[in-house]
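Given below, in the form of structure tokens, are the structures.
Across the two complexes that follow, subunit A remains constant while its partner is subunit B and subsequently subunit C.
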Partner chain A sequence: MRAEKFTVISAGHGGGDTPATPRNVPHKGGDANPTAAALQARFGSTIARVDVINGETTVIVDRDKVHDIVQWLHDEPTQSYEYLSDVTAVEHRDAQRPIEIVWHLRSIKFRRFIRLKALIVKGSALSICSIWDIYKGADWLERECYDMFGIQFTGHPDLRRILMWEQFKEGHPLRKDFPLRGRFSRSQQLENALAANPEARYSMEELSIVDAYEELPLDMRRRLLGGEKTGE
Partner chain B sequence: MGLKDLLNAGSDGTHGDATSMVSMDARPNEPWVTTKLDFLVNWGRANSLWPMPFGTACCAIEFMASAASNYDLARFGMERMAFSPRQSDVLICAGRVPFKLAPVLRRIWQQMPQPKWAISMGACASTGGMFDTYAVVQGIDTIIPIDVYVPGCPPRPEGLIYGIMMLQKKVMNERMNGTSREEMEPDPKSKLYIPSSRIDELSEPFGNSVHQTRSAP
Partner chain C sequence: MATKRTIEVELSTTGLTKDGKAQRVPLVMGGGAAVALEAPPSMEPELEGEHMLINIGPQHPATHGVLRLVLEMEGETVVRCIPHVGYLHCGFEKIGEYRQYNQIIPWTDREDYLNSIGNNVAFALGAERLFNIEITERCKVLRVMAMELSRIASHLVWMGTTCIDIGAYTPFLWSFQYREKIYEMLEKWVGARLTTTATRVGGMAADIPDGWTDKLQSFVQDFPRTLDECERLLTKNAIWVGRTVGLGVMSPEEALNYGLSGPMIRASGVDYDVRKDFPYLDYETYDWTVPVGTSGDVYDRFLVRMAEMRESVKILAQALKRLPDGPVNVDDPRVILPSKKKATSEMESMIHHFKNVMEGPRPPIGESYVAVESPKGEKGYYFVSDGSSKPVRWRIRPPSYVNLSAIPKMVEGHLLSDVIAINASIDIVMGEIDR
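Moving on to the complex of A and B:
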């Protein structure tokens, strides 16, 4: 009787209730995630390329169609990608290669993993559509990506730094043109850091301090005045 | 020289260390001593240092091991960990400090009442260690004045205890009327304890961030 309460999760490929761990996976090539073929059938030429590396499927998609594709992967019952595990970016040392923005999607129902990549050619606007309206978990992931690479996610409700402090003025540290020790001298960095009021990093809701309010960046003051609550 | 020795020296009528104190029998069976106030105050301070652990990385694990029963900091009068800077004497900074934390560490140091001391535990706290990057403070002596540096990555508990004993020696040598216990004030303009030219020099021999090579053309 009790067994009826459990839903059997069927495996993506291979069939049966207990999927085996894939063995002897080739470095390149091999079976692609069936989602890739479905994407090509549904979106046609907006899917630029499908790579299979170490058994993981990477789909390179048109940067303007990312939102539609992710929306479809999320909503379509035969795909059912419920879980966004990462949003990040890659910049290569080779200045000719474009910056890649990477999404890792996972279907818990079908036990599938797919990686989407969109390419942004160097020199063009570093902006891409946010998928925060599809996956709420994209909020902090996209903020981190903005903080480290300076990529603007249009449609994100609160795009600001998350790892570095908001007054950080040296740029975006994971870009290849960012010097390892930062753009300022050590003493300048220290002076900037020590000039910061520790309490100014928190929102009104967290500390309800009035005296640090004037030291907050203008956009943060505007958000707080609008009654924003953190983490929502 | 412990308090027991001091009291024994008074009660049985024998003279203790003549250079640090003189003991006399005023009345039989009522022990009393005369000593230098510096000695007595420093002796009390050195043997009841209350640490404020500021653990940010793996050094904090070694600090916990030092405080636990195997190495037992209580032997040095340090069993009372103060997790509030207002009730502490020694700030033990164990681990790397990023620039984001620099104003916090400075604030905690300023919240500690005099007399206060600071130990920089481990390579990262003392010099930035292997983290010669845009995010990490290159030695916390650029933020707060430090009394004892403990090298190691991380230092073993013996190392930390040796540093603590060095600090106790330093405390014992302090003078009430000397200048050693006056609080160092940072430069009012730059808010730094060390001149900025010295700080840029300290990041040698690798060159400071202005003169480094970039990672990509």
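Moving on to the complex of A and C:
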């Protein structure tokens, strides 16, 4: 056996009952997560509403105060939401309804689950504060959310597209105004792909041999002069 | 000479120089290789401290799919790692917004394709919470069997492919032999091996056939022996231990902060398993333990996965004992179709059948997030419904996507060959990462 390197953090070490599979959960209402009341006591009017749907507590918060609230939930020992499950967004079919940014947080210590939501009214700037500095796991989740919805996470260190490619010009696929088949026809998509210059994406450092040109064998130099690309 | 650059191969060093550094061999183009090897040129001073960029993937067997890693190397040490994903992106979540709930289930097979029946169950659980349906006891036990079988199958693939990456071949054959038995069982049950589409909202596509439990019984009896054999080959194998111990260490706090889940977080010493801590399908009534590592390295991830397979076998044995008789599907006309006999003989049942198939079941307005413990970690399905038969938003919380996002943290400072071992230890499935 190897020596123990880390002390084990066990879930539920903050006390509480042994969890059980939820049964007969009401569609609306029921017991809210105690964190919701604590949030209302601590942040007052920045908590717009608390809903309990299907046994899950949703707290709708002021979009400017998200970072403070998440920071408090993470740091406060009586809450201890140390695990970020998910960051995502919801756009409703009704174009008038605001876009919702959704955070699913878990407290491993108290075995609690809470959903935070911030609403972005259509027409206002699609930006929200990044929580990357609190949870490193938010990095790719926020990048995906930006990629799919176009939401700017201010404070994110490297907000690039992640699933779509950098040159993708058609917009953000999970927005409701984005057609299922894409903005361009298949033939136009093919044309765009052929016209793209994939070499432009790679740094010369990565794959180039241009600086070593003088050392290349003659036949390769001839092929390069003939227009052959390197680096694929 | 300042602009001169030589591309070098680091893999074949001819020994150490006088001051103890590896002798670099320039890649000589043309017919000069023999000459260069006989008399390696002296170190070019401007190459000292120069970083080299290495590209692994997207077409590389050790990246387990179409993952591309750009590594900045200092000698043989990785100083920076930039992962690129998305080569397999096909917009599952977008397509889900245009499909009825039961029509989405085939898509869940195809994201984490090593755990397809587990995804079916997870999806059905999420949709059932949205519809406010309590499934039957028999269905619960059958779903537990499905999830644990697919966990074992997925871990077996993980073990086999990781062994190949690290240089062992035999465990791969042994593990795939038993994976094949699991797929045979699934085929007997639902008719498909990989793309099972086994669940429906409110139940299962099919009940298990006669004699199926005997097959499962013999699997439960035989399988631990294969695990023992594989463990005998690997656990104390000097090469295996040497190539896995101390690599890609994540401390418990880091693992929590990076949002790791599944065997990754448990190997780091966080006792967090969705089945225990946020239970579903009555997992709290089974007698099993959560294996937890304390070192957070590749070796501990291996040990945790091996122990998890044994726990799954324990759960399967208990599920076999308690499997109750009774209906598999709930008696809820909102989601369940009338029997074929009724649908072809009664007008009302035919209309019911037609409406349920053509329009699809309509959940009440609301949302649900149900997470299950998939072999890779916390797999969540988040649904938002506006009362129509198609979800407004169907979100997959992909565990290996979040696990993979920690790879720069894990590989930086390690050797190039260890990148392969660390990447293998994450157990990524690109179908799930790119979706």
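A few points about this structure:
We take it that the second predicted complex is superposed on the first by the 176 of 232 C-alpha atoms of A that agree within 3 Å, B and C clash if a C-alpha of one lies under 4 Å from a C-alpha of the other, contacts with A are read in each partner's own complex, and residues count from 1 in each chain.
Note that in this section a residue touches a chain if its C-beta (ideal position, glycine included) is under 8 Å from a C-beta of that chain, and two chains touch if they have at least 3 such contacts.
All figures in this text were calculated on a predicted structure; none of them were measured in a lab.
In the superposition on chain A, A:93 makes contact with both subunit B and subunit C. Of the two partner chains placed by superposition, A:132 touches none, neither subunit B nor subunit C. Shared-chain residue A:110: touches no atom of subunit B or subunit C.
In the superposition on chain A, A:81 makes contact with neither subunit B nor subunit C. By the document's definition of touching, both partners, subunit B and subunit C, reach A:180. Contacts of A:165 after superposition: both subunit B and subunit C are touched.
Contacts of A:194 after superposition on the shared chain: subunit B is touched, whereas subunit C is not. Using the contact criterion defined above for the overlaid structures, shared-chain residue A:149 touches neither subunit B nor subunit C, since it reaches no partner.
When the two complexes are laid over each other on chain A, subunit A has residues 93, 164-165, 173, 178, 180 in contact with both subunit B and subunit C.
The touching residues of subunit B, when paired with subunit A in their complex, are 99-100, 102-104, 106-107, 132-135, 137-138, 142-143, 190-192, 196-197, 199-200, 202-203, 208-210, 212, 214-217. Within the complex, the subunit C residues that touch subunit A are 3-7, 29-30, 53, 55, 70, 85-86, 89, 91, 93-95, 98, 129-130, 132, 134, 245, 249, 251-254, 256-260, 268-273, 276-284, 292, 294-296, 364, 366-369, 371, 378, 380, 382, 384, 386, 388, 392-393, 395, 397, 401-402, 404-406, 409, 434-435. Put simply, subunit A touches subunit B in their complex at residues 93, 95, 164-165, 170, 173, 176-198. Put simply, subunit A touches subunit C in their complex at residues 2, 4-12, 18-21, 23-28, 53-56, 58, 82-86, 88, 90-94, 102, 104, 106, 108, 111, 113, 115, 135-141, 144, 148, 161-165, 173-174, 178, 180, 203, 205-207, 209, 211-212, 215-217, 220.
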